[in-house]
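Note that chain A is present in both complexes that follow, paired respectively with chain B and with chain C.
After this line comes the complex of A and B, so read on.
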């Protein structure tokens, strides 16, 4: 009897695990293919063998310049920012048990943007200062929203509403800055509004790459504790999770990733919002969706950038495309939640 | 059989936001027995349970497991000895019954390792004990209240602790399921010797199922002992402000409280 039960539980768990691994693997392959396309496609299309030669350090007439200075940095920016947005968004959504509670909707990315635009337009600051300001802006917004939501007793619904309010205020502030700003600062500031991979330079991407490489293993380690946190404060504590410590570490690492990604590419709309739910749908429940969410983030960013570059007469920045995909989902979610009656 | 532990509180003062609800409670939980904490709303019974399960940090006083303060025991290690089923745990979206029960294995698992044979064994045993094996692949949202509560208890069982706390495990359940849950917990205590401590609202069920009763009133422990010694009409008058007759439960011979209201009382009854 006991053995039968064990076998049954094991069979179904192994089956689900196989699906999880298969889907994650598939996502990795698609990400890789998109990375390849990012290098091959452009004004001139280079065949795979040319791209590989360039990556191996050989000189290929024309291709070397285009791939090394334009396409490769663009691809790396999309890859790491996509992963950071996807994984960071997933952590927020899971920790706060609500898909609306992601850095994009509750204004953390807008906090980064506002700080960056302020530095560009008012302080005429250098790129490095702008990036640091973006990170500080994101962290400060996260802390501010958390403190306001804490009140006498912490409520996730209140946190989301406060976040949406803060986001609106920060957007108004950015708009005001754009109006008073010098005309020649506006293009630089624009990037902070919709997010774009244009003009990505490797030198500016190192902080993001470093943080993603450091934070991802930390988040993987805490992924199991995050699962326990999903059961509520009390159940998690009695299962031996130090809930406050876990929450603080999860928030700091994911805000760092999101803020640095925003500093590198601007707030690419809705990635941190869409990646988690899509990944969960694909890999199923029971296993941590952290890596799948990161991969979906990569796929969304790279695919949207390719669409933005080549699908239309005019070239659109990636944020415009993801905005078009993400907005209807936000509305759908709001309608569904409204029907269920709880935020 | 589960091992024997000493579990005590010393002059426990605790509450929320520094407002003390417990006003200094010292007690010792009898090992390998079923203890039930009773008292009126707001008397601090839930606060006591939560403080003993380290969900609330005491303002003063301490909780001792085997003479060691529970705040000094590493959380995961403590979670292998002491488990708590909260009153309203949260169901993660889309999770299956077997996976939820499996989360009880967290204190026994290490980083990156999948489920071990012991994990599968513990989950299977807990599910069989709670009669939910046929629900293994169902989603929690498809279950009835009684089934759901059995799943949560199974999760706590999979944790395989020697001591199990339950915060009102029968609230919101029909009487049928209340009895079922209490029977299953008694099975657990008799079969494995698990020390069970719970908060219950129903005094008569408490009197029937408890080996030992703690009665709380206004944050203080006012009486403790076997149900037969504790449940008296005086105590019920004191802590619930209710006139009653205490008779014998015809089924179990445990004390049974019959309340006296302003209506429907035979002449001569006290009002």
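After this line comes the complex of A and C, so read on.
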């Protein structure tokens, strides 16, 4: 009897593990295919062999320019920003045990945007400064909201409400900057209102790439503790997790990723919100959804960008598409959460 | 018998400091009006002010400026009053201290409908905006409230705010999506969006007045019933209040007011939240007094914000919606921090 139960548990675990690996693998494949499509599609469609030749450094008439200077940076921007938004959002959602508590809703991305727009319009700063400012803005907002919410006793609900209040102020500030800005600065700043991959340049993407490469292993290492945090504060403490330290490290790393992604592409709506829940649904429970969430982020950003570029007569920036795709899901999730009374 | 009469007396009693508060508010209102006439990118002296106001034949530059500012100020007062009362109604209907047209996403709903009107129906006059904005505001309000009130505990502040924020996010994506391919719409809409009260004109005011009158009447008529409903729906029903009808009518009044104000002045947030909160703190929960006082303090806050915006933004101006967000959002945060955990 005992043996049988053990066996059942074991097989189901193996099954779940297999499913997790399969799904993650599948997501990686889809991401790769989308990356390929990003390089192939455009005003002129280049076949796979041409794209590969270009990537290997050969000169192909026409293709070299289009792929190297336009499509490749665009693809890289989408790839890394998508991963950063997805993984960072997942960390937030898991840590705060609420899918709605993501950087988008509680105003951290708006903090990054506000700092970046300020640098572009008022200081006429270089790209490096803009990136740093975006990070500082995001971190400062996160810390500020956390301190305000901590107050008497910490509650997620309070954190979200305060975040929304801060966001209203930051948005007003951005609007003000847009009004006083020179007309030729506005297009650059406009990107900060709805994310876009247009005009991505490889030179501006290095900070993001670097941070994603550094932070992902850190997050993976801490993801184990994150799962324990998920069990609740007390349970985690009794399992020997230093909850405060873990939380601070997780917040800082994920805000870094999200802020740099915001600096590179603007706040692409809903990615950090959607990726986590979708990934969890696909890979099932019991495993860290960090990498799957990042991959889903990549898929969403690249797919939405392809849709935005080619599905309609006008080209829409990726943020508009993800906003419209993400919205029904958000509403659905809200309804479900409200029904369950989790809030 | 005796106890009921005591109860009745107590119910009809005016809040103790009502007269003092209303006097204070009226004085403040006067000061704001004066400031709104005098300050701006160009200061106007006393003689010019009087000339412009009372000598219609005076043709100096200053006199003309004053006449412009008179229109602006009246428009501002009306918008502020409408938004203040709208906030009071919405907070009472949703039984929620932070219900405000901007937080519930109602403004964005109005925006979306106006954009659709400009883009697809070739609408360009305020007469037509106003109905679209009201329709948009109403549909959004129902939608947000519907989602926010699902599940246990009804419409708690957190649920409503999240539903509002989510809906706002969706609607503004749609607004951008409609605007991007149409540059002419973007231009027209940008003016509406920046709107501010500077766009006020006599036409806008005459268009606005019927809405304000109807909205205010609805507010005053439903106030006693809403007071009863504050004690709980069961008690209200016991007192002979038709809760469903009252709720719908009062919500309609609130949406009418904020929809009309949004249509004419563009999205302005937080006035309802601020005005009603301050008033409730000072004179207590009786809606019959809160409503007129909210109208007064809404007008004061909006006019004050507008003056601040003109001074800070000089020589041009800072749109009033930006100023109100800066004053209002900290109040929202304060309310949240003070609120008890269970209330969220």
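Some observations on this one:
Convention: the second predicted complex is superposed on the first by the 333 of 343 C-alpha atoms of A that agree within 3 Å, B and C clash if a C-alpha of one lies under 4 Å from a C-alpha of the other, contacts with A are read in each partner's own complex, and residues count from 1 in each chain.
We take it that contacts are C-beta pairs under 8 Å (C-beta built on N, C-alpha and C of every residue); 3 or more make two chains touch, one makes a residue touch a chain.
Every value quoted in this text rests on a predicted model; they were computed, and no experiment measured them.
In this superposed model built on chain A, chain B and chain C occupy separate space and fit side by side. Contacts of A:9 after superposition: chain B is touched, whereas chain C is not reached.
In the superposed model, A:224 lies in contact with chain B only, and not with chain C.
Annotation for chain A, partner touching more residues between chain B and chain C: C. Of the two partner chains, chain C is the only one that A:194 touches; chain B does not reach it. Look at A:242: by the touch rule set out above, it reaches chain B but stays clear of chain C. In the superposed model, chain B and chain C sit 90 degrees apart as seen from the Cα centre of chain A, a figure rounded to the nearest 10.
In the superposition on chain A, A:234 makes contact with chain B only, not with chain C.
Figure legend note: chain B and chain C, brought together by superposition on chain A, show a least Cα distance of 17 Å. Shared interface residues of chain A, touching chain B in one complex and chain C in the other, are 152. Within the complex formed with chain C, the residues of chain A that make contact are 100, 104-105, 148, 151-153, 155, 157-158, 160-162, 164-166, 168-169, 171-173, 175-176, 179, 193-194, 269-270, 312-314, 316-317, 319-320, 323-324, 327-328, 330-331, 334-335, 337-341, 343.
Residue ranges of chain A in contact with chain B, taken from their complex: 1-2, 5-6, 8-10, 12-13, 17, 97, 152, 220-221, 224, 227-228, 230-235, 237-242, 280, 285-286.
Chain contact summary for the complex, chain C toward chain A: residues 98, 102-103, 147-148, 150-153, 156-159, 161-163, 165-167, 169-170, 172-174, 176-177, 180-181, 194, 269-270, 313, 318-319, 321-322, 325-326, 328-330, 332-333, 336-337, 339, 341, 344. Contact residues of chain B toward chain A in the complex are 17, 50, 53-55, 75-80, 82-86, 88-90, 92-96, 98-99, 102-104, 106-107, 109, 111-112, 114-115, 120-121, 123-125, 127-128, 133, 136-137, 159, 165.
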